[in-house]
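Chain naming follows the written order as A, B, C, D, E and F, and within any one chain the residues start at number 1.
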Amino acid sequence: MLQAVSLRCSRGERRLFTDLNVKVERGTVLAVVGENGSGKTSLLRIFSSLLPPEQGSVLWEEQDIHQLKELYSGQLTYIGHLNGIKDDLTPLENLMSAMSLAGEPCSHDGAKEALEAIGLKRPVHHLPSKVLSQGQKRRVALARLWLSTHPLWLLDEPFTSLDTAATAVVTQRLLTHLQRGGLAVVVTHQEVALPAETVQRLRLTG
Amino acid sequence: MSVNWSKYSAPQTFYPLAGRLIPWFACVAVVLMGIGLYMGFFIAPTDFQQGEAYRIIFVHVPAAWMSMFLYVVMAVWAGVGMGLNARLSFMMAQAIAPTGAMFTFLALLTGAMWGKPTWGAWWVWDARLTSELILLFQYAGVMLLRTSIDDVRRADRASAVFALVGVVNVPIIYFSVQWWNTLHQGASVSMATGSKMASTMLMAMLLMTVAFWLYSIAVILARVRCVMVERESSPVWDEKPTAVQETVEAR
Amino acid sequence: MQWGSASEFFAMGGYGLYVWTSFVATALCMVWEVLSLWRRRVAVRAEQRAALLGGIDETTA
Amino acid sequence: MSGSSMWEAVSGIIRRDLLLAMRRRSDAAMSVFFLVIVASLFPLGVGPEPAVLRTIGPGVLWVAALLACLLSLSRVFTADYLDGVLEQMVLIPQPLAVLVVGKVLAHWLISGLPVVLLSPLLGLQFGLSGESLGVLVMSLLLGTPTLSMIGAIGAALVLGVRGSGLLVALLVLPLYVPILIFGAGAVTSSMAGIGGEANLSLLGACLVLSLFLAPWATAAALRIALE
Amino acid sequence: MLQAVSLRCSRGERRLFTDLNVKVERGTVLAVVGENGSGKTSLLRIFSSLLPPEQGSVLWEEQDIHQLKELYSGQLTYIGHLNGIKDDLTPLENLMSAMSLAGEPCSHDGAKEALEAIGLKRPVHHLPSKVLSQGQKRRVALARLWLSTHPLWLLDEPFTSLDTAATAVVTQRLLTHLQRGGLAVVVTHQEVALPAETVQRLRLTG
Amino acid sequence: MSGSSMWEAVSGIIRRDLLLAMRRRSDAAMSVFFLVIVASLFPLGVGPEPAVLRTIGPGVLWVAALLACLLSLSRVFTADYLDGVLEQMVLIPQPLAVLVVGKVLAHWLISGLPVVLLSPLLGLQFGLSGESLGVLVMSLLLGTPTLSMIGAIGAALVLGVRGSGLLVALLVLPLYVPILIFGAGAVTSSMAGIGGEANLSLLGACLVLSLFLAPWATAAALRIALE
């Protein structure tokens, strides 16, 4: 269970939110919505421990994440605005090295399956990532979700530049994750096509 | 009689033509090399100053000349490629670079071998020597730039631009001996003044030069054939043409 | 003919090391270049066969 | 595409780059700083003998200026390439070569000129005489724009290329060699009392040549990089 | 009028499309759709003259764009995947320098109005662009459309990371442009909410 | 967070960076090339006198190695920062300092080690004797990892802070100076027949110190950059 306790966040001179309380149970997803610049990404980065909150704290299974440190990192998968893939490596290499760094090494075949699951065909697996199209790069980043066993997913606009087919596939994967007892925080401008009882919406009004 | 050059520059004609020419160039190169070596070792007299060490000249000078000559030829092909957007020209430029680099390396190595007995040092920072080293870097630059770029078309054109820009250095290398007082020998063969060397020495040197030249042609043609095939072949996965099924639904 | 014996020939008036290094290095480089081209050609033709592309026709062996 | 609108575009580029430099004031100071550092590291590495230092002074200063230029130049186009500004620049209704001149000029104003202005001070540290200092400044004034022009070609060629950092050095330094020889040669020969005019006029010739040729090569390289 | 005549495009060893013919009249927009990696961006770059086509040609008012060169550049506004804004400059400076380079210099007030039109409030005008959120950056790039007088717009996924309000505003602006006799090519995965008679769809099936 | 999984993460980083270097096969060659070119520029600027060249040889080689390290290192984190890999790295369930060690080690293997291996050849060109060549190699072997470690701090600082250019130089170079002095000093004193042991052991001490302190500083700087 992920819990935010009276979070406050300011960037520069702008106060983005104060006294934000929210609780995400296992099996549910928190959809963070709001205008551009309202602080959605900032909130997600606070959840990921990349950004320390100005006030308040984030609890994971009742414990402060800043005490858990690496233990908490071992529980989450974060996919941000940036894809975090190396232009010179192939999708396969990118995926495998990302997984092995995250402490969840995967086999060659496993990685191939994940890439295919998200709709990247075989020939593309062996191109350097820099020649891929924008959507293909995003898919490489998202392929990690098929291999991740971490319970907490933090996704920042995962559907950006994906076509409709890929969007559906990712949503489906998200659903499976929830059904297995995982939880997720998703920032998005689109509607997430998940059953209403699993989605909790948080609107930021920066 | 007019020759239809565009016919020969088409890859389909050039490929077999090159294949037929290679053995000839190779054979003549071997024969001339044999004669040149025989003259160099058994007929040319001992040098009264340097003793037998001077015999290095029979590889050193041809290699040094080829190193500069090939660079210019490479740049010309690159320029033609840029001007006419001709893929064959780019392939020629690509095929020349390794051989040119090899001769540059050989000129440096044989020069060092010659320098130790005559100057007492493997290397001095003399203008000619340094500029030859620079030429090696230019070859390396052309080749590294090409291997660093995945897209063939882009690699062709980028390395062509660099090769062309680098040509300005060749005259500098050639004239460096005059601009800077140096240890290295100035030109001893020139059209105007004739030669200061014994005629058998000169003969052997020129034979070796022609032999190196023919060797280069043979090797470069062989390499360009490989390059052509490597570029033409496309992997099996894209066999069926992905014709665009275009649905323009104007409403 | 200026060499009395084979050993004299190889000694090159005391400069044998330098002279022969130069010539042998040149020969080695050339041989290596030819061999590597040969290997490349073999690889290329194998690939060509495998791909079964009729684009460029082989006319000379 | 009148001359005045061309000038407007070029001055627009120069103005924007100067503004950016003002924003990152310390980045602009970098090349001067680099020069000072290299020039002071040398006595540390070589030892404090005045005679030796005087001999190597012109060479060290020229090499330092050359490296300073190289380092700052390799970033000129990279930033624009990554944030998409270069794409926009190529699509401006003006010949690309002209814009390249603007870009390089701005770069020279930010990092070349300060180096030229600072050089006499460093020359003093190496014990150069008054006249030689004048020749040093002149040679740098003629030489550094040429270095920027040539460097721009290399910077454009390596855009988006793997391992571009050092590749650009490999590509450009061979072309820098003549400039270095003439530049350091001018100072050395004026120290030897021969006067550096011959070398200076060679430097001038190089500058003119590069002004005419380099922008085209750079423009071609930029177009290739964006394909 | 923009016309593509039997265009062919290959990237690396992949053939993206062959023999593509399409005509865009003034007052209409060409919506290019297709899966990720099908070649939409490549097509747009060919239209913009950044990428020379392998075969075929692009005609602007019946003339080949590769002969027109700078004259053609003077007719188009291209906004790609990348925003083309400098992180260290403020939105205002970015917009003004982009416009003056494009040969359409604008006044300080004009730029401010454009930024406000796309929903960037005053305080944001003077922040360095690097602190802006993803959507705000995109808005800065798109603000050029309010100042552009060029007839041809080439937009690559303009709505990426915009919120719904901004999407609506940009669509509205596009409509005004068409009504004034402009034309546009838009690459997008979303539906474009424009009157049906002004939209022509081109689906790429790479 | 067992030791073995820590080792796995570190070796994962090293492997990935080596793989990247293999992709840019030219990259490893490049720092070597840079060394060669800079070392060749000096004789061109300074003139071909063998005696002068022998005197400045150790200094030139050390400054060149220092620059090669600084330049290639300053980009180590930048690429990761821009493409978002750094974010991911910070979120790995391992202490960040350990990962930094892996990152720096990989960098040294790619660009430091080749420089060390090549240095004797360049030393020969400057006319150094056999024994001095040995000391040169030893000093570089001890010195270049230290340079990498220190440089990493600077590289990490460049990422976050505005106008960090100057800060890096100010921070890193004072720390580089002792290394340079000990390194070049070792060679010079062995040339003078004094033997370079004292300087070499100082270099060793610097290495140990930097191995213990630099990773923490770098990790802190990285976290700040990502906030």
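Rule of thumb we're sticking to: a contact is a pair of C-beta atoms (placed from the backbone, for glycine too) under 8 Å apart; a residue touches a chain by one contact, two chains touch by 3 or more.
These numbers come from a predicted model, not from an experiment.
Q: Have a look and report which chain pair racks up the highest count of C-beta pairs in contact.
A: Summing C-beta contacts for every pairing gives the maximum at D-F.
Q: Given that chain A is a copy of chain E, what angle of rotation, in degrees and a multiple of 5, matches their CA positions?
A: Fitting chain A to chain E on C-alpha atoms yields 180 degrees.
Q: From the C-alpha centres, identify the chain that is farthest from chain A.
A: Farthest by centroid: C.
Q: How many angstrom lie between the centres of chain A and chain C, each centre taken as the mean Cα position?
A: For chain A versus chain C, the centre distance works out to 58 Å.
Q: I'd like to verify one number: the distance from the centre of chain E to the centre of chain F, where each centre is the average of its C-alpha atoms, in whole angstrom.
A: 45
Q: Based only on mean CA positions, could you tell me how far chain B sits from chain F in angstrom?
A: 36
Q: How many angstrom between the C-alpha centroids of chain F and chain C?
A: The separation of the two C-alpha centroids amounts to 40 Å.
Q: Which chain C residues sit where two or more other chains touch them?
A: Touching at least two other chains: none.
Q: Hey, what residues on chain A touch two or more of the other chains?
A: In chain A, 81, 88, 123, 128, 131 touch at least two other chains.
Q: Which residues of chain D are in contact with two or more other chains?
A: Within chain D, residues 24, 82, 162-163, 167, 170, 173-174, 177, 181, 227 contact more than one other chain.
Q: Could you pull out which chain B residues touch chain F in their complex?
A: Answer in residue numbers: 121-126, 130, 133-134, 137, 140, 144, 147-148.
Q: In their complex, what parts of chain B are in touch with chain C?
A: 11-12, 15-16, 19-20, 41-42, 45-46, 51-53, 55-56, 59-60, 63, 98-99, 102, 105-106, 109-110, 113-114, 116-117, 215, 219, 222-223, 225-226, 228-230, 232-236
Q: Contact residues on chain F for chain A in the complex?
A: Going through chain F, the ones touching chain A are 1, 5, 8-9, 12-13, 15-16, 19-20, 23-24, 79, 82-85, 87-95, 226-227.
Q: Can you tell me which positions in chain A touch chain E when the two form their complex?
A: 11-12, 14, 34-37, 40-41, 81, 119, 123-124, 127, 131-136, 138-139, 157, 160-166, 189
Q: Tell me, which parts of chain F touch chain B in their complex?
A: Residues in contact with chain B: 24-26, 29-30, 33, 36-37, 40, 43-44, 47-48, 50, 53, 124-125, 127.
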